[in-house]
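Structures given as structure tokens follow.
In the two complexes below, chain A is the common chain; its partner is chain B in one and chain C in the other.
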Partner chain A sequence: MRTVFTFSLMTLRMLFRRRTLWGILLVILLGLGGIASVPTFDVSNQGRFILDFGLFGIEVGALLLALGLAASLYPRDRETKTIMPLLAVPLSRGQYLMGRFFGAALVQAAALLVSCLGLMLILLFNGLPIPGNLLPATLLILVEGWFLLSTVFFFSFFASPPLNWPLTTMLFIVSQMSVAEFIGLMPSSPGLMRTLRLLLPHADVFHIKDPIAHGFEIEPLYFVVAVFYGLCYSAFMLSLALAVFRGRDLK
Partner chain B sequence: MRASLLFAAALLAISGCVEDYDVAEVAPGEHLDEEHHHEEGDYCEECHDDHDHDHAHADEEGVHHSGDATPSGHSHDAGVRNHGTQWFFNQPWAARFIWGKLARDGAMFLLLAGIIFFLSGRRRRR
Partner chain C sequence: MNENPPLKVTDLRKDFPGRKGIGTVHAVSQISFEVRPGEIVGFIGHNGAGKTTTIKCALGLLKPSGGRVSLWGLPPASAAARKRIGYVPENPDYERTFTPMEYMTMFASMRGLDGDEKDWTALLERVGLKGWERTAIRQFSKGMQQRMSLALALQSKPELLVMDEPTGGLDPVARKEFRDIILEENRRGAGIFLSSHILSEVETVCHRAVMLSRGMLIAQGSMDELLGSERTFRLTAENDSGDSVELEVPESALQAKIDKAREKGLKITRVEQKMKTLEEVYIAVSGGGKA
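What follows is the complex of A and B.
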């Protein structure tokens, strides 16, 4: 465990040195700033609009962060051959994957927290109240981001970064769909589509921007269940990634 | 690897084929029903409203509610579902009856993760 912790700190420092992280964070904050600068025209409930679009922006930011942080980690390690000495003695393949994942997950958490604080500032500047569930809502988006991160790692072991981006984005889009919408993509094969949909996560579990924007209270138990579901699915994707990684010949 | 993937897919299919948790598909009748339902043109005792024309509800003092207007032009008191808001309440956070299924699916994924981890490690040691 200590080895994984040390390696994840190394990954964290390496990712903070990269410009990709700062670029994506800047894009998220600029997006939030753009939402805040939309004129209200004295429309009531402007806060709903800012919250709804702000949380959507953070969610898209989570996707961009997952891709920007993790899509090139393993391919670059392999290209520069740094993976060879790492795996030769100090690290097992599982420890390498977990170290890289936890490092990227911590960076993603920090970036999403900054985005959430940015959204809070925007609400304050507009004289709007900050909902109590805003931080838990960001936590759920973060869990979704970790699921996306594990998916990016899974694809990165057999796909190049340019292919990883569309694959993960496609998974992100279809996991937002309900079963009926997913079957609608190929109505001629409802059985096949239903079975395929079973394998995909239900990303709507992580979305609570509608109730927050409309002032609904959410039971704490829901957060526990949703976080548990997201973490378990991430573990499932990571185990698949590890299975692929263990089967790879690195020579 | 192939065996573990097949095993994972089979387990998922077995667990999920019974029903999926699209709320609209598995919700009990009382969840899907709006607070009360009436057709366009019907007279609604509770709303005191002939739905052929749009108007806002007035309270006892004759003050009109300023809440969100629904397609039929009126809104109900706080806590009472308005017409046409089913999509809102068909989200997982509002559908308590699927939380158990979510937890079950989570546990299933965790179990699968453990099995895949074990099988892939065993294969590698060979």
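What follows is the complex of A and C.
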């Protein structure tokens, strides 16, 4: 455990020193700032508008962070051969994957927290109340971000970064679809599509921006189940990633 | 103690897919050798002979297509085996924003080693990185990264040091320093597996050598066995008219040859020991290396 912890910190430190993180964070914050400056012409809806689009922006930020932070981690380690001394001696492949994942997950958490604080400041600046569920909603987006991160890691073991981006984005889009929307992609095989949709991730469970924007209460149990689902799916994707990685030769 | 050897390779075979996935390339085939405790074994071969492939199989970075590799009888991927080895990779590259001290501290923590910055400073000084402990690696030359690599490998006081072309990018002074460290580590009791195509280096420091050519093992043995335990002399003699004759004579027959030449009225003008080099041996057994 100590090995994974140390390697996570090493990854964290490395990612903080790269420009990618700061670039993505800047894009998210500029996006949030942009949302706040768009006039809504309807004062009563302004808070809803900012919350709805703000949380959407944070969610897109989670996807960008997952891709920007993790898509090139393993390919770059292989290309520069920095992976060789790591895997030859102190780390097993499982420890390498977990260390890289936890490091990137912590960076993603910090960046999303900063984005959430940014959204809170925008609400305060506009004299609007901060809903009590805003932080839990960001937490759910973060769990979705971790799921996306594990997906990016999975693809990174057999796809180059330029291919990883469309693959993950495609899965992200599909995971937002309802069963009916998914069957609509191939109406001739509803049974197959229904089964497939059941197996594919359901990222829609992480979206509570609409109820929050409309001021509805969310049951605490819902948060717990959604977080549990997200963590289980992330663990499943990481297990698949490890199975692929273990079979890889490091030339 | 009848312990398994630090490194044992038995009938190792490694195949890679051919170009565009068509066919198979045999990188190494039917290689068997071992590194015994406290021994320095040189691993010789031309570029592309299969040295790095064999080393990566030994470290669990590549999966053998056939045969077996073990470290103290354990599979290379086992944590217990990895704890006992140090590895100096060929052309090492490290995260460029990090400093050697950061690497040393983090590797120590990952390996569960005791030690503090004072110890790592001393180790970095030993490999010639004094004053560079807190400089970002992006400012390092290839040779300096090589030195850092050696420091990381020595950090755990390994029982087996696996070195893949460790002196490739180094200047002659640094090469000498590396050789001295290899010998010091060996005196401490570490086994060394040294891959190199600088044959003079192998000849100087190694007890035994394993030779590869085109993925096949072509010779192995102690330096005496490979270079020949009996010394050879070159004898030059002249007759009365000034014509000279040269003979190569083994040490056991030297005196008899000299006596015979004198009986024939020849004048011995020169007797010199002929040094057989590992390079000559390698070229002879490999049929010229790549060709």
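Please note the rule applied: the second predicted complex is superposed on the first by the 248 of 251 C-alpha atoms of A that agree within 3 Å, B and C clash if a C-alpha of one lies under 4 Å from a C-alpha of the other, contacts with A are read in each partner's own complex, and residues count from 1 in each chain.
The rule is short, and it goes like this: a contact is a pair of C-beta atoms (placed from the backbone, for glycine too) under 8 Å apart; a residue touches a chain by one contact, two chains touch by 3 or more.
What you see is a predicted model, and the numbers here were worked out from it, not measured in a lab.
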{"item": "Which of chain B and chain C A:233 touches, first, second, both or neither", "value": "first"}
{"item": "Touched partner set for A:225, first chain B, second chain C, both or neither", "value": "first"}
{"item": "Which of chain B and chain C A:249 touches, first, second, both or neither", "value": "second"}
{"item": "Partner, of chain C and chain B, that touches more residues belonging to chain A", "value": "B"}
{"item": "Chain B versus chain C as contact partner of A:19, first or second or both or neither", "value": "neither"}
{"item": "Overlap of chain C and chain B interfaces on chain A (superposed complexes)", "value": "247"}
{"item": "For the chain C and chain A complex, residues of the former touching the latter", "value": "16, 56, 59-63, 77, 79, 82, 85-87, 89, 91-95, 97-98, 102, 106-107, 109-112, 149, 152-153, 156, 162"}
{"item": "Touching residues (chain side chain A, partner chain C) in the complex", "value": "2-3, 6-7, 9-10, 13-14, 17-18, 80-82, 84-85, 87-92, 247, 249-251"}
{"item": "Touching residues (chain side chain B, partner chain A) in the complex", "value": "1, 4-5, 8-9, 12-13, 16-17, 20-22, 24-25, 88, 91-94, 96, 99, 102-103, 105-110, 112-114, 116-117, 119-121, 123-124"}
{"item": "Residues of chain A touching chain B in the complex", "value": "93-94, 178-180, 194-195, 197-199, 202, 204-205, 207-208, 210-211, 214, 216, 218-219, 221-222, 225-226, 228-229, 231-233, 235-236, 238-240, 242-244, 246-247"}
